[in-house]
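First the structure, in the form of structure tokens, and then the observations on it.
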Amino acid sequence: MPLPNSGDKFREECGVMGVCGHPEAAKLVYLGLYALQHRGQESAGIVSSGDGAFRSHKGMGQVPEIFTEPVLEPLSGPLAVGHTRYSTAGDTSLLNAQPLVVDCNKGLLALAHNGNLVNALEIRRRLEQRGSIFQTTSDTEVILHLIAESRSRSLAEALSEALRQVEGAYSIVLMTRDRMFAVRDPRGFRPLSLGRLGDAVVFASETCAFDLIGARYEGEVEPGEMAVADAGGLTRVAFSEPAERRQCIFEHVYFSRPDSVVFGRPVHLSREKLGRLLAREAPADADIVVPVPDSGLAAALGYAGESGLSLKFGLIRNHYIGRTFIEPQQAIRDFSVRLKLNPVRDILDGQRVVLVDDSIVRGTTSRKIVRMIREAGARQVHLRVSCPPTISPCFYGVDPPTERELIAAKHTIEQIRQFVNADSLAYLSLEGLREAVGDPEGTRYCDACYTGKYPTEPVNLELETGLARRRG
Amino acid sequence: MPLPNSGDKFREECGVMGVCGHPEAAKLVYLGLYALQHRGQESAGIVSSGDGAFRSHKGMGQVPEIFTEPVLEPLSGPLAVGHTRYSTAGDTSLLNAQPLVVDCNKGLLALAHNGNLVNALEIRRRLEQRGSIFQTTSDTEVILHLIAESRSRSLAEALSEALRQVEGAYSIVLMTRDRMFAVRDPRGFRPLSLGRLGDAVVFASETCAFDLIGARYEGEVEPGEMAVADAGGLTRVAFSEPAERRQCIFEHVYFSRPDSVVFGRPVHLSREKLGRLLAREAPADADIVVPVPDSGLAAALGYAGESGLSLKFGLIRNHYIGRTFIEPQQAIRDFSVRLKLNPVRDILDGQRVVLVDDSIVRGTTSRKIVRMIREAGARQVHLRVSCPPTISPCFYGVDPPTERELIAAKHTIEQIRQFVNADSLAYLSLEGLREAVGDPEGTRYCDACYTGKYPTEPVNLELETGLARRRG
Amino acid sequence: MPLPNSGDKFREECGVMGVCGHPEAAKLVYLGLYALQHRGQESAGIVSSGDGAFRSHKGMGQVPEIFTEPVLEPLSGPLAVGHTRYSTAGDTSLLNAQPLVVDCNKGLLALAHNGNLVNALEIRRRLEQRGSIFQTTSDTEVILHLIAESRSRSLAEALSEALRQVEGAYSIVLMTRDRMFAVRDPRGFRPLSLGRLGDAVVFASETCAFDLIGARYEGEVEPGEMAVADAGGLTRVAFSEPAERRQCIFEHVYFSRPDSVVFGRPVHLSREKLGRLLAREAPADADIVVPVPDSGLAAALGYAGESGLSLKFGLIRNHYIGRTFIEPQQAIRDFSVRLKLNPVRDILDGQRVVLVDDSIVRGTTSRKIVRMIREAGARQVHLRVSCPPTISPCFYGVDPPTERELIAAKHTIEQIRQFVNADSLAYLSLEGLREAVGDPEGTRYCDACYTGKYPTEPVNLELETGLARRRG
Amino acid sequence: MPLPNSGDKFREECGVMGVCGHPEAAKLVYLGLYALQHRGQESAGIVSSGDGAFRSHKGMGQVPEIFTEPVLEPLSGPLAVGHTRYSTAGDTSLLNAQPLVVDCNKGLLALAHNGNLVNALEIRRRLEQRGSIFQTTSDTEVILHLIAESRSRSLAEALSEALRQVEGAYSIVLMTRDRMFAVRDPRGFRPLSLGRLGDAVVFASETCAFDLIGARYEGEVEPGEMAVADAGGLTRVAFSEPAERRQCIFEHVYFSRPDSVVFGRPVHLSREKLGRLLAREAPADADIVVPVPDSGLAAALGYAGESGLSLKFGLIRNHYIGRTFIEPQQAIRDFSVRLKLNPVRDILDGQRVVLVDDSIVRGTTSRKIVRMIREAGARQVHLRVSCPPTISPCFYGVDPPTERELIAAKHTIEQIRQFVNADSLAYLSLEGLREAVGDPEGTRYCDACYTGKYPTEPVNLELETGLARRRG
């Protein structure tokens, strides 16, 4: 749901993880969620299944805070599904925390969803019309209603029916008492990987979750595919006609961890390539290359390698950041950025600096960073961004600033340069971006945030139901 | 829902509170829930309505722990509804915490329910059949589905339709964006009172909630009545044919606070009368009358007054009891009772004691108390119980031990006397009980727990859905 | 330390507990502190000794909150000492929490103190002069310095020397690696009892702590006596010349639990006698006797018995009170009292009420209670107080309002009656009070708060060191 | 104090921070401690001074967790001193948390200490002999006793006297009601910097604390110097004869943040130089250079630059690590390292890798990392360590493994290579290390951990007082 985002980064809304057929399923899901923590740091949940019953826990906060030993211990059974998410601005609550669990004519179901449905609102209106009641403001809930509504007696068919009615982005893990379904929308907007750990089948948004638990990556759940795991093994079928792939290109630019394989491609490879192509497209007459840590690291390495300039860690990131921070009343200049980044005067002093970042959203953070670097003595600052200007919001599972807040939506690159006060500013071209992710023809990735060309029909806006600030 | 109860008392499952038309509605509901804390100490919730949106908070624990200033502050708006409850044995969770909040074709609804529906399971099965999904294991959720299912466009009619389909005990407060409904089942099993605070209308399970906020008690919401409050004032209509009253007699014996008026009758009046009649029916050749505090206090006062024996506080109750308690491994005899009650040797030594309690459930606690009193020097212990033997479980909103656990269900009074090791044991007669609550003909109260005569059809057992231990 | 007290009751400052020679010493101390909770509800601490080392934990809050299983488990060893206390107004901190633990030339020492030294400040000044450093603002710390300062090689002698230098009230339990000392000042201001549990020796401020753990009361630690327990058994010696007894009479009026034996006398006995004598001294032409619960209960029972009037529970106490409470902005009249007490209209309506309380401090609470009772319909309210007017502060371990705040210090009984708006007001006489505690000649109790006659020299005021609000 | 350390890194024991003359002194100290978080993550404390009183708070955990708004708000006044520390193995407690606060004949004092005194035990024994009592097991407490013991009426003199009696490492900030002293031992073992923020004087262990609050670095507090700040400004005097400098070389190798200036030298400069010299001394026939993040980053950059090999981020660090972590029972190989580091298969596969780390302590972590890198496909692993083999424990404020645990203390480099299973292993030489920190003659730094040559007399072992596990 595209709601306001107070930070200056795009935010992934969710990570999902499922384990089927392992005696410690919930513990493995817990570890997987921990590895997927960057995909959602405000709430998390795990549901396990065993002995015919579900056991679940959800909480606000980060995975290790929520899942302590006494909380995790009771989540027994050989199946488990988990979810980690950002809640959006006005909704810092458990209300929409996933996995959603319901009881219906198809039995007990637990569902974890990464992505965003663009026609959820109209389906919800129809369902409400016929008497359905809704307990969340989440688009995800309509899927469960559609499953229950289906006349099919088979859950696989009911799920297929349901999915054929929804439009948009979804990578879903659905658990019953004894089976686990993993499905991905026909365009494959969001990633979903399949792995094995001994006899167990595992699903996760990114492969870094497999690495931590020692699982073997076997490939993607394909767009339009339904993978079903149970005691009898794994079966994979198509639930939908093939459609054009529209994988989220920003997963490679920023979202995913560099140590993950996403959409079948190692992320770090794309990211270093972004930097190399950026150096070719937009060289700078400078002395050193400084990354904005941590996300600009790989691109900066590529830029330095290609340009022959020295890579220098001229900005140090502070890793002990708490949830809230108290600022003195006599405000400290650029305080919010200083808390996270400290410039190293001795490196920057007198230098012409190429500053490499992965994106500019509002521009306010970039402006502060450039100012800090100048105050530390840099003679020139050449800002290089490892993707094209972001001009359009995302409707497929990312929580971006609104269009109004995207500085590149309304301003020229020169205007942005002036705003951030850089000596020069360059973005990577769309062609460069496509080449970096291994899709030079631009046929496999969604790049709507850079082009405004959305792969689906115009979308409905957020669910505005009045089910506002619910906590607890 | 009749689930096992590990304590040795019957437990009320819920208290409800609603305020309509007051700028600080949620704060008043909070105070009301605090006064109703004895009706449910394991979770509580408040939902407020204002500016077209609902705001809510639910939590585990007691009211003052859950509702701190920062939690209560955002619950703005002139309407608010609250609920406090026990969760049953296997279900110490927020899953079923009320008020339930949903969005449906009748708009936003928040519902708080005291009581238990005896046909919830069959309705749920039917609703599931037609595609409804359920998020709780609570009988209450079916009411919301029935409201949404109704074709009536008026919520009042839809609610009436829904209520005509359910059978059992319900005292309900239902809130929309701008209206508040209070309804009570046609037999009036559970209490629900109506009051005023200035222009505001208030509803509460017991009048002690009115006392704390300075509201004026105006009488009961009548059985089969629907009271509707909004900006235009209060209207009251019957939504159902009149039925025979079946008010829960145990509210007067034990549940309600002695300072409440319940079913139009002051509780303390009934309770002291119980003791007086018990003294007449079952005198004892003894020296002093000792209450089991606090619940046996009023009956003991009545017993002492009628018998002419001296009332003595020979058992002192400890008021600082925490949630959990650590016992040494070298177990202390009768430890669980000692934590709560301490015998006063100097009062009991050498005395023939009439011990007055309000009920015997399993008998194990009574046995320990009698033993403690003997060890403190009492020569004789004559146990007197201010109601008849409890022989049948309750299906109307009380959380009792199962029939198997009710000592009086399978044992004679003499057997019980031997078990608890009293010199004599007597219960109040059913006639005495009826007289004490002002219903000598026995036409207005449900006494099924003493007689096994249930006012409704045989009831379905608990909802067993596998939606088990959900926390968070 | 006589600091301001915001409530309207005198408050005991401490309870102490020690166990020597039991494999679960710390758990028994924990239970004892729980029974002594009324003597101090803001912080508590336990130190255990075993294998040559001390283990301790202190925390803010009530005993069951502070001592959870993981906190209590590590406190191993056969000796343990505990303390529970109120912190005074400006000092809601762990700084002064006891037991104090130090290492010195006499070895490791843990000390728990109930009482107040009146010459602590001058001793502290002298010790500071010679180079001692202080970590608390507590008078107790000087005792440890004096022990360390002593040239005696025997700890028993060093302790005796130290105690001969301090003046005032002290009931102390002092633990070393393998011994436990219990001492009481020569006047015996504060109680301290000795008991046995099997081979173990136990000490506690009140005998209710013995009851809970099943220990046998063997009598008081006598004024001026030092009891020493270790593996070899118990020895008892006098460390000081005999002095006149000056036991705190208010322990019997209000502080101690009614089920305790204090100064060798059952408290409930004194308390009921207070009521009987009050009825004789100050009868009232009334209909019913209503106690202010819970502390006025026993005296009201005595008053009713003696006067022949009916005892009625016309005020119900709410037991679910949290630490803080949120009040609506549209203030509710007498809210602070309403939270704790609710009048029962049906009992009070039209009646002439004798209201029995154990003390009046500022008068403001009494005034609110009288008003509530009148608003509930009482025709007349005759307030009876089961002790004489309180006119002077206490310097021996009680935390009272200052003299300025004691309404009886500056006003006649008639003025107080007008202020609280009672139809009549009477206090028990000093002679009555002495008779009730079994000391008709007035030779064994301190009654300075009623007479202003202090048994020690004029006392120094509080330690004002600037070591103010230290938390954590 | 050299106590066992369960991790596989040396740990700094403390960071100190002081602010004198700023209206929000405590808030600035809080920010400074946050920047110094890496110097101690287990407890922290702040004491402020204003209006003649001290206000303080200490807690377990990290700075942003401990110091919330309501905790920080009351710490008013224009002076504040703070401390952050590791507690040692058996002592995860508040007992020794600093700043220590005492009242004595020199007035109120708050003291924060980084370093370790080697003659604390013998001083303590003497002080105990003369009657002093100790409340901590910390060496720091003796300094306060020595100050109080001094006959000098001037605090500056008393402090000088005290410091002349202690031997070892100390960088101290001492606060009185209205003054702040900063002193550093004559050898200058531990860093301490002086800065200005407007008119305020600030002290901190590292300059990164100045950067965050916008303060200006003015240089070190010199070894043997006492800097005194108060309303009248700053005065600086020598309190001791000059001695040979013995600055801790490991501050530059590992402890300090790369963005700090320590001992007057930018840390990043030393660290990159370490890598360059290491590449010269120990080249490798390899394809890529991979740092062990984050601490090996700068040295790896230097190694890559010097060797001409490509720097690759082949290990990704996980930044969301919680305090405790739950491991499945079916243990995951190298789990503890996997939680922190994930190898990037695509980078490592088929490569000959130079792995750059800043130290090897036990060798067990290095062994796991090498194994992970091999399992990710690396053909060869050449481990390079940017300092000499660590062979001796530290007695000057670092918390290292014991000598027994230092793999290099008892094994040859070849044996270590076999243990960690690297294809080659090389350490930087002592000469290289000295050159990298700008001290080629080796006259200014302590390198005892590499050479076993301690600048002070043989030291006493830890204070073993039995004041063991005290919490709260």
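Going in written order, the chains are labelled A, B, C and D, and every chain counts its residues from 1.
Everything that follows uses one rule, which is that a residue touches a chain if its C-beta (ideal position, glycine included) is under 8 Å from a C-beta of that chain, and two chains touch if they have at least 3 such contacts.
As the structure is a prediction and not an experimental result, all values here were calculated from the model.
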Chain of greatest Cα-centre distance to subunit C: A
Distance between chain centroids, defined by C-alpha means - subunit A, subunit D (Å): 37
Subunit A and subunit C, separation of their C-alpha mean positions in angstrom: 60
Interchain contacts (touch definition) - all pairs: A-B, A-D, B-C, C-D
Residues of subunit A defined as touching subunit D within the complex: 23-24, 27-28, 30-31, 34-35, 37-38, 41, 62-65, 67-69, 72, 208, 211-214, 257-259, 261, 266, 268-269, 294, 297-298, 301, 305, 310-313, 316, 318-330, 332-333, 338-339, 342-347
Residues of subunit A that touch subunit B when the two form their complex: 45, 52-59, 66, 71, 74, 94, 97, 100-105, 108, 128-129, 131-135, 137, 144-145, 148-150, 177, 465-472
